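Each of the two complexes below includes subunit A, the first together with subunit B, the second together with subunit C.
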Partner chain A sequence: MASYTFHRKNRPLALYAGAFAVFIYLPIMFIPLFSFNSGWYVKFPLESFTFHWYVDLFQREQLMRALWNSIKVALFVSFFSTLIAIPAALAVARYRMPGKSAAIGFIMLPLVLPGIIMGTSILGLMNWFNVTLSLVTVTIGQMVICLPYAIAVLLPRFIGVGRALEEASADLGEPPLRTFFRVTLPIALPGVLACLLMTFTISFEEYFMAFFLGGTEITLPIYIWTQLRFPDDFPSLLALATLIITFSFILVFASLRLARIGESLTQEGAR
Partner chain B sequence: MTVTSVSGPAPARPSAITRFLHRHEGWRGHLLLAPALILMTVAIIGPMWMTLMMSTWTVRGFDIIVTPGLANYTAMANNPMFPVLIWRTLEIALTCTIVTVVLVYPVAYFLAFQTGRSKAIWLLVLTLPFWTSYLLRVFAWRVVLGNEGAINSGLMSLGVISEPLSWLLYSQTAVTIVLAHSWAAFAIVPIFVSLEKINRSYLEAAADLGDTPARRFWRITFPLSLPGVVAAFIMMFVPTMGEYITPIMVGGPDSMMVGNLVQAMYGPMANWPAGAALAVVMMITIGLASLAFVGLNRLVQR
Partner chain C sequence: MISLRNVNKAFGRVQAVRDVSLEIAKGEFFSLLGASGSGKTTLLRMIAGFESVTSGKILIDGQEIQDSPPHLRPINMVFQNYAIFPHLNVRDNIAYGLQRLGTPKAEQARMVDAMLEMIALPGYGDRRATQLSGGQMQRVALARALILKPKVLLLDEPLGALDKQLREQMQLELRSLQRQLGITFILVTHDQEEALTLSDRVAVMENGAVIQVDTPAGLYDHPTNRAVAAFVGSMNFFDATVHGQGDAYRAEIAGLGPQRLNGQAGARQDGARVLVAIRPESLTLSPTAPEAPQPSVQGRITARQYMGGRQMLHVAVEGRAAPVAVSIVAQRGDDPWDGSEGRPVWLTWGPGAISLLDAE
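This part shows the complex of A and B:
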């Protein structure tokens, strides 16, 4: 495709795309801006620079509890959804089997179900079986949300993994499971790490499941949601939001970089 | 390819199950898919069935009467507020979906055809914000649009306006803008993927046969990107239909959506069966609208 020259640079289009990028970042950029502003109210002109709102965060016990809850849930969600997604992605990538496209469609279903419907429906079922709502129910709900993304992240890694290497391993007498752990998995490892980071981020920020299935336990997004009612807390929420956004940008960036490393590795594996 | 999911060290003489799995690739695949399918069944099919059942129950006082009936649905049909609510939700979701898909198409086109070596960076730049919490993105808009928010106070301190533009916050317009912004990545990615898949040699062939760039676009690029456009429609329409945070955060009394009522039924109003019936109606609306998109696509592609 190197000889492909039909799409000469179109400057207006590039400008439009640039403007669009600015538009999607602009509202988010106001959050950090005002989080360092000493005024109680979020408005121009800015007053003086302060770290006060950040310091204030560390004195909130409820916030610390919500943060800890979020981290716990996100760790479990990312571990288990990746664990389930690995064999599923492998099956989708490698196996010819009847009913495969139906199964894929079924697994991808959460992508086209509104969060409120999944949340209330699982709530109804849990209630019917008298399951007490807790962080465990939140974890299960969020695993469902994460699974389609996890499989989508892993799939290209498994399609790419060098089959030649696997066949070589099998020919040299390695049993299948050892081939998987010594050849397939190491090559796909960047993809697996990317998947762990991605699902961690999704869970960390997920709102609907945490809201409907959390019972009395709250996670960070629910904490933000409940605090929004109190105008006095607004500047502190801006500081908290700044920290969360920075943190998730770093995680997602790392995840996408890892996925790209995985890409180059799998190409090498295929060679 | 000989990966199986049988655990433990390989036995000297394979068991019957191992031999069976070794011979049947399909079963091996299903076994690997099983955990995911079981989770989905437990957490989607079960709950959906439950919601469907629950929508036929009724609440009397503090009791739930589990005798099936259509009371919730007839109550909805007889309530003049309900069609208004459904219609408004459809209007908001459709407006923001159509506007976003139209606005985003050129961006996806740029991404697929014009970015060259910097494609990965552009893709990262355009999708990164959407991985941050959706709650925080809506929150950000409240900061921007509020009566004392960035736009109003900024314009006022510059002397452009003397009092806040009240339509910015607490309006249906605000809800539409914020929803479009929140879910734009769901529209960019499918369109980008379908444009990326187009075989460039078709375009070369058309050019060799004398087609102008505009004709190439309308006769090749655009029709081949339609599946992505339909996917973008559905991916964006679905979450916006089920929305209830945005109307609370930046909408006013005239922008309440079906999702708000569902949430109220499960929350303060404590009438789960009525909420379940609303959820069922919402699902049917989404299903019908998605079918309409797909049908429209078929019609256009002929």
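This part shows the complex of A and C:
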């Protein structure tokens, strides 16, 4: 990735960037701050420092169950949406086909559709087929949400592998499937891992599908939403949110890092 | 050994390769020479199997291969940008094709070491392939293909990305390697010098068609059309008209005057318009009128290009708009042509200097 050097200091632009960061992150910064505050209410001045709210989390059985549900769903969603996205991204990257750009646009469309619309329409579909709502239906719904992201992450990596390397493999005697496993997949692997992390994060935080398609089972975001009604639980929710934010940041940074490694590898390959 | 029979390739409406038929012998170093867009790379990719043929046949040792996929053809290729696998080290790159053949590990290691020796990179096996220089990658790409002992090795502008010195060195190495191994090489290049230096025979391509196939000397001395003559080396072209018949053929050449032809006119008719081609180095210059009976014409030097070992003098002659280019060996020290611009001069040429081409 290119790094941009400004030869002159651009003070207004630096200030703007600073304001931008504050605007985005200030609200989020309050969450960890108050999660360590012993008071019940989110207000200044802060009272004393405490881990109480964090300890409290682990004594909530319902929360533990929601967490475990979220993890299960996210694992399945990330695995299957990546698995499905790989051939799709490869096809888009490699083959000349009629209406290709229209097809890409169509694949990417769910990115901009409101979650509530996707949720209700999939719920309608499930009812139509008389499917009992469960974590399975949540998984299916979230895969619909995740697939466009997965393809968006994978596509540049597969394009980056370059046709020449696959041709070289074929030329050296390997049939297409073995070429995929010996050349294409290893080179695109950082992109695949980035895709797994990205889709895991999206699933873990997804609300609408979990709300509409979950039936009696709840995931972590649903749990948080239901608990918001109880003011006594609010500090514990802040503690929970802090943990989730930390975890998500780590995953997203890891996936960006992997994407960058993948980029350098494929650039070398394309040389 | 390898035969192309009426091979055509169309991409939609674009005819990329037109009716190419070639016979390439076993152990021959054969080049496809042409400008970009001439169809040479498409033709090579059809031999490798990366492009299907629209019509025609490709045979190796009498077997039709045009419909088999690339991984089943007894052909290997050195790619334009090497296509070295970036996730593998040098050793695994070279051994890549052996895995499929089920060669035992110990044997693989021995073969790879022999290859590293051959390409003068011993001890490089464990390096990351992406840490190599362009020339080294080039050699690894070569070793990776040759380790499979192909019947035919295809080379797609393999030296294009290298700088001039390295390119010349690699040309010599390629040539001696090919001699040593006796494998048929088919090289695609747009560099006429490279084609002439390396090849046993060269096919010159233009607009998807092969316009002449000959040895380097044959192409240089007897180009059969203007495109070949202009593409290989530099050339002076003169409009001319053929007069007479049989032994009495002569040509009226614009700017050079009448010239006797010794059987070069073929079966051309009296009054036929032709093109006369003369290499700049086939002309000689003298400051005084030469003695008869050598053909000569008087002109005036208009410009001089110094090019190190040689220099090019441009001589304006009557009856011709563009000056005639004459290449002479540069003299060390006292240069008789120094400051010769504007001086009168006599152009002379021998009977073998003239090539007759069809006028367009």
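Please note the rule applied: the second predicted complex is superposed on the first by the 261 of 271 C-alpha atoms of A that agree within 3 Å, B and C clash if a C-alpha of one lies under 4 Å from a C-alpha of the other, contacts with A are read in each partner's own complex, and residues count from 1 in each chain.
Just so we're on the same page, a residue touches a chain if its C-beta (ideal position, glycine included) is under 8 Å from a C-beta of that chain, and two chains touch if they have at least 3 such contacts.
As the structure is a computational prediction, the values presented were derived from the model and not from experiment.
In the superposition on chain A, A:Val22 contacts neither subunit B nor subunit C.
Residue contacts after overlaying the shared chain place A:Met64 against neither subunit B nor subunit C.
In the superposition on chain A, contact of A:Pro45 is made with subunit B only, not with subunit C.
In the superposed pair of complexes, A:Ile250 makes contact with neither subunit B nor subunit C. In the superposition on chain A, A:Ala170 makes contact with both subunit B and subunit C.
After overlaying the two complexes on the shared chain, residue contacts for A:Val55 are found with neither subunit B nor subunit C. Of the two partner chains, subunit B is the only one touched by A:Leu237; subunit C is not. Judged by the document's definition of touching, subunit A residues 167, 170, 175, 178 lie at the interface with subunit B and also at the interface with subunit C.
Contact residues of subunit B toward subunit A in the complex are 1-10, 25-30, 32-33, 35-37, 39-40, 43-44, 46-48, 50-51, 54, 103-104, 106-107, 109-111, 113-114, 120, 122, 124-126, 128-129, 131-137, 139-141, 143-144, 146, 148-150, 152-154, 156-157, 181, 184, 200, 203-204, 207, 213, 216, 234-235, 238-239, 241-245, 249, 259, 262-263, 266, 272, 275-276, 279, 282-283, 286, 290.
Listing the residues of subunit A that touch subunit C in their complex gives 162, 164-165, 167-175, 178, 182-183, 186-187, 265-266, 268-271. Residue ranges of subunit C in contact with subunit A, taken from their complex: 48-50, 69-71, 75-77, 79-83, 85-87, 96-97, 100-101, 130, 144-145, 148. Listed in rising order, the residues of subunit A touching subunit B in the complex are 1, 4, 6-7, 9-10, 13-14, 16-17, 20-21, 23-28, 30-31, 34, 41-45, 83-85, 87-88, 90-92, 94-98, 100, 103, 106-107, 109-118, 120-125, 127-128, 140-141, 143-144, 147, 151, 163, 166-167, 170, 175-180, 184, 198, 201-202, 205, 207, 212, 221, 224-225, 228, 237-238, 241, 244-245, 248-249, 252-253, 256, 260.
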